[in-house]
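Every chain is named by a letter (A, B, C and D) in the order it is written, and numbering of its residues begins at 1.
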Amino acid sequence: MTGEVALAVLLLGPLLAALGCLLAGRQGSTVALLALIAGAAAVVVLWDGMLRTGPIEVRLGGWGAPLGIVLRADGLAVGFLAAAVVVMGAVWAVARHDFATPRARDVFWPSSMLLWGALNAIMVSRDLFNLYVGLELLTLTAVAMVALGRGPGAIEAALRYVLYALMGSLVYLLGVVLVYHGHGTLDLDRIAAGRSGADALALGLMTAGLAIKTALFPFHAWLPPAHAGAPSPASALLSALVPKAGFVMLVRLWFEAMPDATPPAALAVMAALGAGAILHGGLMALRQERLKQILAYSTVAQLGYLFVMFPLVGGAGAGTAGAAEAWAGTQIGAFSHALAKAAVFLCAALWIRAIGSDRLADLAGLARAMPLSCFAFGMAAVSLMGLPPSGGFIAKYLVMRASFELGLPGWGLVLAAGGLLAAAYFYRPLAALFAREPPRVQRTPRLLEAVPLALALAAAALGVLSQPAYDLLQAGAPAYARGIGP
Amino acid sequence: MTVFTGDPLALLALVWPLALALVACWPRLGWRALDLLPLASLPALALAVTGGSGGAPDVLLGLVLAPGPEGRLLLGMVAVVWLAGGLFARGAMARGEGGRIAAFSGFWCLTFAGNAGVMLAGDAITFYASFTAVSLAAWGLVIHDRTAAALTAGRVYLVLALVGEVCLLMGLLIAATAADGFAIGAVRAALAEGPHGALAAGLLVAGLGIKAGMVPLHVWLPLAHPAAPVPGSAVLSGAIVKAGVIGMLILLPDGDLGIALIALGLVGAFGAALWGLTQENPKAILAYSTVSQIGIVLVLAGVSLVFAETRLPAAAYAAHHGLAKAALFLSVGLVLAAGGRWRAGALALAALAAASVAGAPATGGAAAKAIGKAGLPDWLSGAVTATGITTTILLVWFLVRLRATAAAKGVPKGGGRPRLLLWGPPVVLTGAALVAPVLLMPALGGPDPAYLWQGTNLVEAIWPVLAGIGLLVLLAPRGGEGARRAPLPPGDLLTLLPHWRRGAAPVRQARAAGRGLGPLRRTLESAAGRAEARLVRWRWSGVAMALTIGGLALLSASEPGVAVLIAPAGAPISLP
Amino acid sequence: MNALPVVILLTSLLPAAVTFFLPQEQHAWRNGLNLGGAVIKLGLVVVLMGAVAEGIEPEARLPLAPGLDLVLRADDLSLLFVSLSAFLWLLTTVYAISYFGEKPELSRFFGFFSLCVAATTGLALSGTLITFFVFFELLTLSTWPLVAHKQDDQSLAAARSYVLYALPGSVAVLVAIIWLEGLVGTVAFAAPPDLSGVDRWSLTLIFVLFVGGLGVKAAIVPLHGWLPGAMAAPAPVSSLLHAVAVVKAGAFGIVRVVYDIFGVARVQELGLGTPLAVVASVTILWGSVRALQQMELKKRLAYSTVSQVSYIVLGTALAGPFGTIGGLVHLVHQGIMKITLFFCAGLYDERAGARRIEQLDGLGQRMPWTSAAFSVGAMGMIGLPPIAGFVSKVYLGVGAVQSGELWVLAVLGASTLLNAAYFLPLLWRIWFLPPQTEGIGATPIPFAAVDERVPGLVVPAMLTALTSVAAGLFAASAFSPLGWATLIAGGAYSP
Amino acid sequence: MTGSVVLFVVTASALIGIGLWGFLVQAHLLRRVLAFNVVGSGLFLLFGALGWRGGGVDPVPQALVITGIVVALAATAVALWLVGRFAEETGRADLPEDRREDRQEKSSAGGRP
């Protein structure tokens, strides 16, 4: 399998699988599994090929930009592709048991495949419009998943989500129009080659639109009810993967398409929003009484971490080792957040199945009844708090170190504070799980409990094996983020 | 790893009683643990005779056992006193309550180990370790009877002993640092010349003075010595206080410090003797006598410091006092256990020992005084002679009270003929007190024994005794027991503490004494409790942490720190 | 040989990993696994000691990201700590197995227990600051379930306050580490960084952050609030917590920071030695005063730990050869003495139901071996010769005088008296007071039914008591903790 | 820029402005979806206008506009489906946070995301 084929598998496979799932009905999960296996193989091929030959680029139909569609798998993309396939696999394992009713099954499996396909497309697209299409597809499938939720608020949450998303799309698209007007192309590399007077405005518009889709503070209001209201396996997908698409697009926009239009002050604003997210999300998570709401607010906060990278990679530090550290740290943070957040949501899925509630008070004593999943939850929480040994820690460490190296310690301290907040809001569910009274639970197969554990262990392993991730992320990274390395 | 060097007997003298202390813990032993007591001091006695020295480089920070002449002399005395006391205890306490007797035996052996150790010590650490053992283990002897008075005494004793420990250790550490080693000689030199030498010496005087019963740190002594069982009192007064004395003799540097010792010694020598007259309990009277006699030892020691002379005379005086005082305490037990003519004989024995303490002519006491006075200036010599008057008065008062107490108690069952183990030890000790100093006079730097028989010297020895008796006859209250006012409680200075006076009942005294500075402590504790309650809350401790960090940062960053000299690169760290 | 540190780490990490998944009923497997790990570890540590004594310093390296290598490296300082933890881990495992018997949730307990020891080992063997931090945090995390093990309200509250204190401390440490590394690059203990180009303010603040962060674990006043509560944990946990793992980790960290990062000379130059000594002294006195007020045995012991651990910090702050030795050797001495006391406290609780001071009355008659061990521990804490604590005190005292800080002597003296004031009454009650007539404790155990016929609990206590006597009695021997500490200090004071 | 382009731009801007205003102030969900479509129309118009860079027909904007319309259509469909479901379930066509009478209560409860 060559890189081209692998890309094709990752883009077309999910779409075909979505169709297959619709047709297969009860066997939908089997079709999804086949697609996932193929996707996993494709990711392996891409990873391997990319490490050997550098980023893999494909021109669909042999047409180059501006007319043709260019796909490129660089380190960033492959990393997210890998994270996505792992999370998808784990979600598949749990969801197989969860979506038994025909209606849910018929919505969930095709949607999840479409979501995955859209995500893959966003990761490898090099064209602002293709990115837009991918993002819309992603959003709409995500909305559909939220609407699958059983609670009374699910539809409301889905509706709110779709309204925000529509707004975001419009604003983004407005920016795209301006870019096309200024550059006559939507290809990222060709945009980077020139400059246009409208760039700043376009950048602002697109950023705002993407910020809405990424749920960056203060545009995050839609996320908690949506992620908390969706069926738990779907929440895992939504929280772990979906916002990352917007983030990746922002990164591509700021650092690959328009590096000229991003002055330090603007970069600082992004980081400030991220800091706001960290603090606000953390504080709000502290106030919640339901586990899934805590996790959802945690996602808000964790997304904020990613934006602290902006002034560190760009600005004065661009091109230094510090920038490379911040770049790698942030992406590793995104991967480990994906793994760990999926793990905690899958734990929540199992617990809700077992006790029918995700109120903290009802969770009391679960550690005795379901030790494996509780352990998984603990491990994942450790990663999300940014404590060693975990990917979350490596991420925090690298970014913090970059901030100190570059003389911007404030951003590092925000991360530190965020870690404390995370510890505080994860402490409550952990303490509840550990409380004395064991609740009545329905038996859960051990194997099922092992799924979140595997994810949590993967998040932890990312901390121990972060060197490969770092090497991967350096492949095809923009020049600013390719430090010489210490 | 070298187990020991030098004379194995030196190590055995120390290890043997420790081993016996462990044996005493064997639960099956019960009261038979008393059999161990006489055995404890045998190797030490042998060592005092042979005069060996040794060490164990791996033990503690390098154990050195190298007694000087003072140490060897006192070691011999101490070994004899403990041997006699052990025999007496075997006779007097047999078939008591098993567990308690076993505990007593264990403490006994441990205390002796410490007592021998301070005499043997050739380094400050060994000295301190031994001192700790003798100080703290002696507490077990004090509280043996578990009466309210004993417990009070034990508590006061323990508190003061601990304070003494701390003072001693601090002083030793300062000196050892300056000396760059723990050898006694080096430590003494450092006290004289090293930095903070005066402070260290002051700490040492306080620490050792508490143990020795130096005024005004003697307050525990009149409480503790009477409270212990008779053999315990004997070793406490005869041997254990000498741990402080030997410390002063071997550690304190020559110099003006001696003047302070002389002053305190004189106050003790006269003051304690007079205060002792207020006491009714014969053992309490003896305890004050001990304080008084230690005062004389301090005078002698102070003189040797001031004039940079040998400490041997002071050691000799202390050694004689140990033998005689132990004999007196044992004779108290003997008198109370005897009846009829046996009692009269016992009283005579006590009178003999008392005469020796008072320095009556041709006794060991006179010899000891002669040795001591050899180097004294005239006015001091006169003062020491004059103590003979007060000592005589006090000891006669002691004999009077002893007779009265025995009479009040009546004749014990069994006709009153005491066992050999009861009368043998006091007789031997009295004999030793009378004879040994005379025999050893030349060896101890005194004049020839013939000196004692010269006319002027005989007169000088006898007039204070006669004067004392005469004064007593003149001043003795007439009109029998009832006319005398209520006796003052023992503990003199302690009784000045407000709650001590308030609490009439001994139990209340015990509580009050233990509380010490009650109100202050309560205030402090509640303040600490309140502060703690706040500090446990993160809000407060967070502020405190921020303040600490900020304060530290500000303080240390605002001005450059003084670069403290550290050991230059490559310089080896010298270790003892 | 270079793999040896890793193997030593694995001897507790692997049992931890396996134990988590053992079914509760597999007592034999679990016990065998833990004991086996502990024994092998002790053996390997002895081998390692031999190697290090010959001047070999094995090092294993796992690169994580550029500038971020996990380095395990054995030098003499780390060995001091590792050997302590390996020895005490073995005894505590024996103790814990007897203590818990066949109670529930043991797989979880022993899993975290081994993890905790693995973290301590890793922390001791860390070759770089960041490695140290990784294990430091692992320690925080693995201790939490141990403190909360009983899962009652008290334990959960204690665990909560533990985390509440520990995590901000960790953040402070992390910020300090990263700040420092941002200034001078990756910091390895083997090659102290060159700080000459860094301004005073930054260095001072970094130092303060280090001490503040590590001080939470070392229970430096006013950051000690979590420790007394943590005594709610089961006895083996308290033993390990107070003697080896958490509290010591903090103290060890401070030692590392002072000696292997800043260097004594620079700490003095920055004027930080004396303030640190003041903080340590305040802690020593405050902990003692508080201990005096406690009527619960384990709480009293806990406050005693607060006080005693700061001896280590004090020795470090004194910045002279003797102070260094005193601090380092107290790291070991305090460990073996305090673990003895906690073993015994656990025994009193388990066998006699005695938790409060007044419930100890007369227990010496029924539990003589326990009480003997307890007495040794208590007297060692006071600093009575020839028990180990005495040696520490002597060296600290000499160190204080050497550094010209005479007031420290007064602190040591006051601390001795306070220690005596809160330990001696315990001994008095145990040995001299008549037993209480009715049953004592929460679950009345008739006095006559009290016994100590559980070798698994008594023997470890006896062994640690004997060790603490031996450590003091044979202090001058080259193989004693003192000898080892002298060796280390020799390294710190020569180029 | 030719006059017709200006006209296009002005019209498009007007549409976008009207749509955005409607989207922001209208509580009724159907109106919001409509407003979205109005903005969308304006956008595509603008795309057509600004995408013309002289020199004949540019196929790219045309392709993109067509794609965009399809996407917008899909989004509208999903939104309308949800509005329908919401109305079925709650009998209302506006979200709680947009209801004036509920806002007071919600904000005091503090639970609203």
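The rule is simple: a contact is a pair of C-beta atoms (placed from the backbone, for glycine too) under 8 Å apart; a residue touches a chain by one contact, two chains touch by 3 or more.
These figures come from a predicted structure and were not determined experimentally.
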| item | value |
| --- | --- |
| Innermost chain, where centres are averages of C-alpha coordinates | C |
| Mean-CA-position distance for chain D and chain B (Å) | 101 |
| Length of the line joining the C-alpha centres of chain C and chain D, rounded to whole Å | 65 |
| Between chain A and chain C, centroid-to-centroid distance (C-alpha), Å | 42 |
| CA centroid of chain A to CA centroid of chain D, Å | 26 |
| Touching two or more other chains - residue numbers and ranges from chain C | 168 |
| Residues within chain D bordering two or more other chains | none |
| Multi-partner residues of chain B (at least 2 other chains) | none |
| Chain-level touch network, classified as line, ring, star, complete or other | line |
| Chain pairs in mutual contact under the definition given at the outset | A-C, A-D, B-C |
| Partner chain D, residues of chain A touching it in the complex | 66-67, 129, 132-133, 136-137, 139-140, 143-144, 147, 152, 155-156, 158-160, 162-163, 165-167, 169-170, 173-174, 177-178, 180-181, 184, 186, 221-225, 287 |
| Touch list for chain A against partner chain C, complex | 321, 324-325, 328-329, 332, 365, 367-368, 371, 375, 378, 382, 385, 387-389, 393-394, 396-398, 400-401, 403-405, 409, 412-413, 416-417, 419-420, 423, 427, 431, 434-436, 463-467, 469-470, 485-486 |
| Residues of chain D touching chain A in the complex | 16, 19-20, 23, 29, 32-33, 36, 39-40, 43, 46-47, 50-51, 53, 58-61, 64, 67-68, 71, 74-75, 78-79, 82-83, 85-86, 89-90, 95-96, 110, 113 |
| Of chain C, residues touching chain B in the complex | 161, 164-165, 168, 200-201, 204-205, 208-209, 212, 221-223, 225, 229, 264-265, 268-275, 279, 286, 289-290, 292-293, 319-322, 325, 365, 368, 372, 383-386, 390-391, 393-394, 397-398, 400-404, 406, 409-410, 412-414, 416-417, 420, 424, 431-432, 472-479, 482, 486, 489-490, 493-495 |
| Partner chain A, residues of chain C touching it in the complex | 20, 62-68, 70, 104-105, 108, 130, 133-135, 137-138, 140-141, 145, 148, 151-152, 156, 159-160, 163, 167-168, 170-171, 174-175, 178-179, 181-183, 185-186 |
